[in-house]
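You will see chain A twice below: alongside chain B first, and alongside chain C after that.
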Partner chain A sequence: MINAPSAATTAEVTEIDASARFPLLLLVGSALVWLVLSGALALVNLVQLHTPSFAAVCSVMTYGRVAAMQESAFIYGWAANAGLAVALWVLARLGGSSLRSLNWVLFGTAFWNLALLGGVVGIACGDALAHGWLHLPRYVLPLMLVAYGAIGVAGVLAWTGRRHEMTFAAQWYAVAALFLFPWLFSAAQVILVFVPERGVLQAVIAGWYVQGAWTLWLAPLALAAAYYVVPKVGGRTIASYDFASLGFWTLLFVGAWTGGRHFIGGPVPAWVVTVAGVSCALLLFHYMIVGLNLRGAFSGGGSVVLKFIGFGVVAYVLGGFLDAITAFRGIAVVTQFTFFTEAQHQLAVTGAFSMIMFGAIYFMVPRLTGQAWPSSGLVRAHYFTSLLGTIGLVVSLAIAGWIQGHDLNQASVSFEAIAAHVKVWLLLATAAQALLLLGNLLLLAHLLRAVVSNLASSTPANFRPGSTMEASAS
Partner chain B sequence: MKNGFIFFLGLFLALLLAWAGIVLGAHAQLSHLAPYFDENEGKAFPERMAGIAVQGQLVYQDLGCAACHTQQVRRPDFGGDKARGWGDRQSVARDYISQPYVQLGESRIGPDLANFGARPRAVDPDRLTKYLFEQHGGMPAYPFLFETRRIVGERSDQALNVPTAAGYEVVPTHRAVALVAYLQSLNNVYEYPEAKPVAPAAEKKEGEHK
Partner chain C sequence: MSDQNPIDPRLEQAGASDESLLAAHEKLLGKKPEDGAHYKMLPLVLLFVFSGLIFYAGTYLNHFAGHYDATIFNENAHPSTGAAPGAKIDPMVLGKKNYDQVCTTCHQATGLGVAGNYPPLAGSEWVNGSEERVIRIVLYGLKGRVTVKGTEFNAAAMPAFGKVAGSGYNWTDERIAAVLTYVRASFGNTSPAISADKVAEIHGKEGDRKEWSQEELLKIP
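Up next, the complex of A and B:
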């Protein structure tokens, strides 16, 4: 039986949370709107895979454009907004003082999302770029960089202005993500978009950027959340904490080198591929430490927060091992260019990142609003739809990809035959994606309900004595 | 991790090393690649793309064709690329130096297109144009690349040979023409010295010269 997320924890709402309520809720709300939008687009894409004529009468809904819009909405809409909200909150709480420059956060959030909206519309109109994770049109990219900087300032101030000299793993990951992404993003913009490199160098750089954005930005954001929430909810310190810094630096120094594994057999320098394979194996060290550190997530009793995060940690570690396995040429000859790669991508971004973020959001929002989630039933429903949806999506795509990969390597199997072989698995993936979308709609509706009920009672709540606030949060 | 400065330095170094290693490393190796001049043929390869083909590459990019089609052939003994007729040799970096918007692609929901221009389907531009107008297996039709219009005077010589209402014709838009020109230009069959497939030693006959 799952308890309501906040029931298992002690009430704790501080001035730090109250002051950051509006900016952080705005980030979380925007994130969820983008998540639902990208889920709907992903559903369209999956239907188009087995029914190619679906919605394809106009150029806006072409498979390629929908895929680009979906990816952009997911990465820069959902992942960025949610990750920033949680990272700022973690930094403020561990830093021991309220977030400063919150107006900049509001300003940045507004412009980040407006620019992203402009970018997604731009993709729909045909201005997309063709680099992985960088499909957004060139004209929104500089604005997004500036907006990100405005949001990130609060994080840097929370770090430099922290009350304690001692820092925690959650802070390292949060600061690394906040600090490194602008460098990565601006470097990629310059050498891919504004002063583009020539020939396959574009592909090599895009590979570096995608891997960097995952290992230096999104993964650290998720880990910051997990390293903060797991000991808080579990009420125990992080297991084997001494290793945490090794795990951290391994991810930072090795992670970005693994991007070349997608080019096995491709027209790029062979060492790019080889270095990536070696780095994938080295990175296993990081995944093992994360698993070791966060094993407290699996003994959380009934806490739904820990159930989400526990699932995310398993997906994260599993994803790391799968990356290392598919970096072998003998495996890649089958899995490369297939739905299997997509399954690995989904395992990372949906299975690991989203699930950990959901857990963190369920933990954070009651502390921001000062009230428990209105309905534990909705939380449970979201958990089960996410669980089944993620497993269904990843497993069916992986099986479809494995079949597709074997078929592709046999020249006698036509593309029509391949489509027929994988159809049932793609149908299953479609159902799973629909389930995910439903669950995420529930979360969005739930958040709106929480905010509305908070607004209804909060005009006086701001002036209520702290003790009343704390009681209502339990 | 008490020293904030060292910490930030470490973060920055982590990013810098990967950037220097991968981006600068690959740049140092590939940025000087020049077209290969073949004295027998009297011209350099890869040939420069025609202007309309570059426009077509932009259409290919904005429709996201790379979501389903790769443009990179793997070497003959690695996967079924050669057996499928996608290319006799693996793609090499030099194949792409004249392309402004390289799209290697990561997914083979449809066939690889690196040498599409060399295939029978691409030889006749009219057939290829019509191919885009209709749905084929997993590839949807792209009706928005075409215009159905009333025939004024004579029927356009670009008009597709497809059933339409009387007095109307279906003609490709400029985007369709550019896309077809681009697809026809995809032809990397020239064997650069670095692209010659390495023949297994056992297949060498006695007295054979390379």
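Up next, the complex of A and C:
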């Protein structure tokens, strides 16, 4: 067991953090293992895009299975574990009391990750489902739903048992994410997997699920982290806080309606696509308010935590604007069904979600362990690899997609010619992905070192005393 | 540790306690504007932006939502100019639209297919030959070996397009007739049109079945 910080440490780190230490570190640790695994698989995938024979010696390592394993490991391994850890911590801290039902969190985490492991092995064996963000084989899905519930209970109890009647934006987003994922996940399981709808409707539902899991689950988890950490580190209140609730409700009402943007140019009724395009435009209001609210992340001085989160906020808002622009049929005729959509996906999940989570993890882990991170060089190295890797990946995929889209619209250009035109950009994307993988390996190694050195020593970190910390208006 | 020190990434200090964070934001929401003549631009700007977005959304929906009709796939089908129910539709137009949305993925916009993978439609003996066979292929799909224009394709995987069990498309007999008519009169092909009645007749005769193989098809005249 890890040493508890001594009572002398100050009030900044309390029993709330100490009691949640093991379950939350387990969530963060599992998240990082999945992140590194998915990074390695993504690298294999990207190499296969320009060198198709690479590693494809057996069916397990062929492009389709690797892609399905990679996506599942990223979404349900990294994003879910990390997002839940941060959401539970934020809810406990703002709720003002220690997390309850932590045994359920431990059981839930164990079963979630075991089921996911079973699912990824299942995909390797050829049992994958054919829906975006829902490649995991049908036999692990119900167990994952139950495991998620077991983890989420602690968050719900922290919310209902909070000490203050008044609530804060970070809590809204965390609670919304906790409740909305089971709804999306169970509905998708029933109508896509166990009692599947047929024909066009199936594709429309799959699009609704992919988009909903982003706008109503992963995005709120990231926003919960950002709305908590930005004022917490900056010491100033959220700017233009009056509008935060408008931004929140816009996301909740409009978010899932944008699902049809995946079918622009596809064979679905016109209104599905039109409503999605309009929803993408309405959602701009949400992105503008998030940008206004979280602008404190850009005046963080030398804070690396705020640099991570600031990058994530920029990527999030930029991604929202790109979604709205590419939802126009005139633009989508080039970008749709190309690497450009993959660039948008990476901008959202890597640029926005992962970067905000990294910032939150760098802030949270010392408070859980009661000790500082072992090395400042590793933190900075991770920041720069993530920064360059994310920009390189998104920009090169976007350019590749644009070229590919223009070529595909000309019947005279052969597939071989298109592959040759985009090759150099795919090579760049591969290099960027390698950089991302390196950075994430550094973070995993750093976390292991932090935990091991924590076992060895009990010198508490020098947290600033809580009494001196008053939030000032911004 | 003093505030003048550069921030240590190993241990970033909090600038506000959780209590003060909640209290400060609670105060922000409870605050009534007291500063009389001094009024803020931001709420007005956001109000205009949001109204603008809603106005745009309403207009766009009105023009391009195709009456929220599940059978309208073209967003430009304006209610007043769109095809009225029961109106005669040119099979060549309907056929081209469906071809461009779906068939073109494999058989390409040129109808030439992809050498080694997808058989060509242009000049194909299957397309221009027996109506009986080509209707069955589109209705139920074709699986396995197939020889087109003297070239053998090893693993054809043409899916079923008709309203039959296991079809992901569920096209009506009329649509299938339109696509066939279009394909038989395009890419240099000059074979006669296929009627929806003929498709319906074969559909009725065969009922539900799995994909055809080349051998089975060749037995049919």
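Note that in this section the second predicted complex is superposed on the first by the 446 of 474 C-alpha atoms of A that agree within 3 Å, B and C clash if a C-alpha of one lies under 4 Å from a C-alpha of the other, contacts with A are read in each partner's own complex, and residues count from 1 in each chain.
FYI, a contact is a pair of C-beta atoms (placed from the backbone, for glycine too) under 8 Å apart; a residue touches a chain by one contact, two chains touch by 3 or more.
Computed from a prediction, not measured in an experiment: that's the story for all the values here.
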Superposed partners chain B and chain C on chain A - clash or fit: clash
Contacts of A:59 with chain B and chain C, given as first, second, both or neither: first
Touching partner for A:267 - first (chain B), second (chain C), both, neither: both
Touching partner for A:415 - first (chain B), second (chain C), both, neither: both
Which superposed partner A:257 touches (first chain B, second chain C, both, neither): first
Partner chain in contact with A:127 - chain B first, chain C second, else both or neither: first
Partner chain(s) touched by A:275 [first = chain B, second = chain C, both, neither]: both
Touched partner set for A:93, first chain B, second chain C, both or neither: second
Which superposed partner A:199 touches (first chain B, second chain C, both, neither): both
Which of chain B and chain C A:166 touches, first, second, both or neither: both
Clash-bearing segment of chain B relative to chain C, given 1-9, 37-45, 55-63 or 163-171: 37-45
Contact residues common to both interfaces of chain A (with chain B and with chain C): 166, 198-199, 202, 266-269, 271, 275, 329, 411, 415
Sites on chain B touched by chain A in the complex: 1-2, 4, 7-8, 10-15, 17-19, 21-23, 25-27, 29-31, 33, 61-68, 70, 72, 74-75, 78-80, 83-85, 90-97, 99-111, 135, 137-144
Residue numbers on chain A that touch chain B, as the complex places them: 48-49, 52-53, 56-59, 62-68, 126-130, 132, 135, 159-160, 165-167, 172, 175-176, 179-180, 183-184, 187, 191, 196-205, 207-208, 212, 216, 245, 249, 252-253, 255-257, 259-260, 262-263, 265-269, 271-272, 275, 329, 333, 336-338, 341-342, 404, 408-411, 415-416, 419
Residues of chain C that touch chain A when the two form their complex: 1, 6-26, 28-29, 42-43, 46, 49-50, 53-54, 56-57, 60-61, 64-75, 77, 101-102, 108-110, 114, 167-170
Contact footprint of chain C on chain A as seen in their complex: 11-12, 93-94, 96, 164, 166, 168-169, 198-199, 202, 231-238, 240-243, 246, 266-271, 273-275, 277-278, 281-282, 284-285, 288-289, 292, 301-305, 329, 362-363, 366, 372-376, 379-380, 411, 415, 461-464, 466-467, 469-473
